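Look at the two complexes coming up: subunit A is in both, with subunit B in one and subunit C in the other.
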Partner chain A sequence: MKSKPAFGLLFFFLLGLLPFAAALVYALLYSLGIVGILSEGVSLAYWHQVLQSGELLGSFLYSALLAGTGVVLSVTLALWISMGLRTSLQHRFWSLLLYFPLAIPGMVASFLSIQLLSKAGFFSRISMKLGWIDRLQEFPDWINDSYGIGIILTFVLIVSPFFVILFSNVYQNERIAELSTLAYSLGAHGKQVFWQVTLPILFSKTKRIMILYFIFLLGSYEIPLVLGQESPQMLSVLIIRELKQFDLKLIPEGYVVAVAYTVVIAIAALLVFRRREVQVHE
Partner chain B sequence: MNKLRYIVLSGLGLGILFPFAFLAMLSFSGEWFFPEVLPGYFGLKNWKEVLTSESGMGISFASSLGISLLVATLGTGTGFIWSKSIAYHSQKETWLVLAYFPYMLSPVVLAACLNFFFLKSGLSGTWQGVVLGQYLVAFPYSVIFFQAFWNHRTRQFEQLVLTLGGSSRQAFVQVILPLAKGMILVCFFQTFLISWFEYGLTALVGVGKVQTLTVKVFLYIKEANFYYGAIACCLLVWPPVLLLYLNKRFVYNRLV
Partner chain C sequence: MFLEIKQLSKSFQNDLIVDRLSLSLDQHRTLSILGKSGCGKTTLLKLIAGLETADQGSIRVNGEDMSGKTPAERKIVYLYQEDLLFPHLSVRGNIGFGLKLQKIPASDIKEQVDLMIQRLELQGQGDKMPHQLSGGQRQRVSFGRAIITNPRLLLLDEPFGSLDVGTRQRMQELFKELTALYGITSLFVTHDLKEAILMGDDIGLMKKGSLQVYPDKQDFLLDPGTGVRSEIEFWESLLKPNY
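This part shows the complex of A and B:
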């Protein structure tokens, strides 16, 4: 069975690219007042309104801050675990157990965070039992809080296990152990080997995946929906909130945010993946 | 093994198993009032209620399973076949960068912007609409995934069969498919999980009529019905654990 190249490309265009393009064009037209129930012709008023309100920029910065912190903490924790416990984690039992957290989706992670971190949650109950707090109110705000602590912790919960596995495998596949031995034999000491051999190799092989995870977290929906607060909101939550509101006049503003977010993602994809032979599992 | 390492390893093991144990415990619990550390009731009551009442948990599980199997089958099948056209195209890199656009975009935002088309086509609020919406995410992933397979070596195998008198169908069925078997399996698992874990797009396109397990968990969170929520979470988490166990030896070791 031979796949016809032109037909294959057509199929890919129709089901891979056209929906994306249609979504972007429709959102753009809506944001410019060209389509929609209350459209009154081309207008930049909605763009002006959104840019002036500062909510879009605030949401972008808030999302980037939470996503960036989530990735940095996850990578740091994963490095610490995968390098510190490297020999033990190679054991068959651990190589299986480490995969278990990958089975936890964002919605379940959010549910767990509420059960564990909220004021009436499991950790609060233990704190009270141990006498660390006397009243429910004394337990810190980690859910629906203004700093997004619950969101960040949940990001770390779902992202760090992946990086532990990734770093462990890159360490083996890139023969970092042999290179480290060579560095030691040439007179390097422990810290030099870690900072100048291990870390640069791990980062060069995984940096695109880190950026990809940052972008995924930037657009994450269910975790900030369950654990976030009213304002500021992360991008996806803000977009859906704007698009689902009852005031039809304000819906184009939701599409303005959606277009801005989509364009940023498209530019990020161009910057990250151009000029390289794409290997998804680098 | 020194003592500190033993302690850290034990903590890591407990940390990994704790969420699964906690969810299981919560699903069997009742009368767990603040500030009690342990529940007042522990038994099968919640599970019996869920199985016998009209909670719709069974339907949600079946919906999730059916939708995910369909998305995984369609996504992997079409992705495998059509990824070849891109892999051997002179503008391969450009096509692949374009493939990353829908894959990197938040599925719920994609669904929100496409909602008009779902409404117009009558797919909104139907399982077919949810399958199509999730397929739009799974297909580009699958195309990107199989790029690693369509390499120079695969092409040489294919050409060798043709040179020896085999037809292109024989090359595909008797050489390419057996060669790709492992990757097809991995991609199937991955696209299954993409669909199984999906919430935002499903909730938006399904408009509450298609209640997969993730939608159910969110409803229970809103209702503050944490015991049923925990049951839905258990049903969501255990099948992927089984799949990951089966998938483990393929996913990272071979492809990283």
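This part shows the complex of A and C:
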């Protein structure tokens, strides 16, 4: 009986951890100039170059800002939908409609956003028909714009349905309706029930998933590739750009960005899970 | 009378669940209501707590008409069948929840919660989360959380139904001690004959939405409809030599 978990762990190690660890070690060695076709021996020059240029930090902050805004807006929208339309969501039609965006790949969602949000897109044309703008060019820049509005809206489109489903399930599993009734009985008013019962329970049960979604959006590639601007770029786009540049001598810089990103995310994930252990007994 | 209910009725679709029910109860007393599942006990308590709306009839607490009042305005606490605790709050947070809503100073809340923890015999458990407690401990927290708010009326809906015999007995004793200490007026609903007799100062039997409150316990014991006689006969038959 004991061999089953051990075999499972071995399987996870061989297929899950080992390839990832090998790739990370390879990327580290490449970033230090130890491996690679044009390697010239151990050097921290690529790390110096990347860190001094400020592009990595700029890209990281830009990515974090877009991912954070995407998660906050998605969670807020999902909270409003799942709590405000709780009865409607039990109907098959609405629940199917909710599942639909989850099946849209990032690349398709990006092109959908272009069709809807660009200067020549659906909303721009509607605005002109309604007389809100005189020319299509007057429609605000939402695609490839410096604020990443198109990216954020597309993040919201693909992420919020997931949170609606998550919040609805947590609401049922944690019996928030009954706990709310109990809170009313103990003297709470509507707002107190929402802020002191509903919201804290939903957040305490989903906060780690929110962080994981933030990490997922931080590393997203297709959406910022299609809808992003030249500079700053989101991390994954920057990494691929660096790895595919014509000057082969500069490829290690791409690995520097990849390693730095992986290390930061790994440390953040470790901290999140460490805090979880402490909080259980608070 | 402290609690006066007159001609209270409630239907769900075409099912009459509470049927022109009337009762009265003095302050600081407990009325046990015995009844089988589906007889309308829970609906009656929810109507009194304001969690359901009556089709007709009136509820007055200390002379005050409860119709149109929200559950929060009634200051009547309804205690669930299960030990429903707020999962994001510790034992201390759960017990002090109602006091926090009343915006009582934090130091006063702490003092009252500490005293309640002591009375509930939960010393050293104050910082634990609900999932770290046993069934009996959870029920005690739930009970303390209701009592600490000093409700005008406490409604208990088969509160000890899920507990084992020993824990249930201890909880019954604790309930008696604390309701006496805090001067609580309560309705105690149960389907357990022995518990109904033990817990109530007064006792009533609920059948098909109607309630019969007995003038004293002797009348209850002698009424064949309560099941007391058949219970006694069952135990006596076990004691007969040729059984």
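Convention: the second predicted complex is superposed on the first by the 260 of 282 C-alpha atoms of A that agree within 3 Å, B and C clash if a C-alpha of one lies under 4 Å from a C-alpha of the other, contacts with A are read in each partner's own complex, and residues count from 1 in each chain.
Keep this in mind: a residue touches a chain if its C-beta (ideal position, glycine included) is under 8 Å from a C-beta of that chain, and two chains touch if they have at least 3 such contacts.
Because the structure is predicted, anything quoted here is derived from the model rather than measured.
In the superposed three-chain model, the partner touching more residues of subunit A is B, compared with the other of subunit B and subunit C. When the two complexes are overlaid on their common chain A, residue A:145 makes contact with neither subunit B nor subunit C. When both complexes are overlaid on chain A, the residue A:100 reaches subunit B alone and has no touch with subunit C. Looking at the shared chain after the overlay, A:189 reaches subunit C, while subunit B stays out of its contact range.
Judged by the touch definition given at the top, the superposed model places A:112 against subunit B, while subunit C stays out of reach. In the superposition on chain A, contact is made by A:201 with subunit C only, not with subunit B. When the two complexes are laid over each other on chain A, subunit A has residues 280-282 in contact with both subunit B and subunit C.
Interface of subunit C with subunit A (complex): residues 49, 51, 70-72, 75-78, 80, 84, 86-88, 90, 97-98, 100-102, 127-129, 132, 145-146, 149.
Here subunit A touches subunit C in the complex through residues 174-175, 178-179, 181-189, 192, 196-197, 200-201, 204, 280-282, going by the rule given at the top.
Partner subunit B is touched in their complex by these residues of subunit A: 1-9, 11-12, 15-17, 19-20, 22-24, 26-27, 81, 84-85, 88, 95-108, 110-112, 114-116, 120, 122, 124-126, 128-129, 136, 157, 161, 165-166, 169-170, 173, 212, 215-216, 219-222, 225-226, 235-236, 239-240, 243, 254-255, 258, 261-262, 265-266, 268-270, 272-282.
The touching residues of subunit B, counted against subunit A in their complex, run 1, 5, 8-9, 12-13, 16-17, 19-20, 22-23, 26, 34-37, 78, 81-82, 84-86, 88-89, 93, 95-102, 104-110, 112-117, 135-136, 139-140, 143-145, 147-148, 168-169, 172-173, 196-197, 199-200, 204, 214, 217-218, 221, 226, 229-230, 233, 236-238, 240-241, 243-245, 248, 252-253, 255-256.
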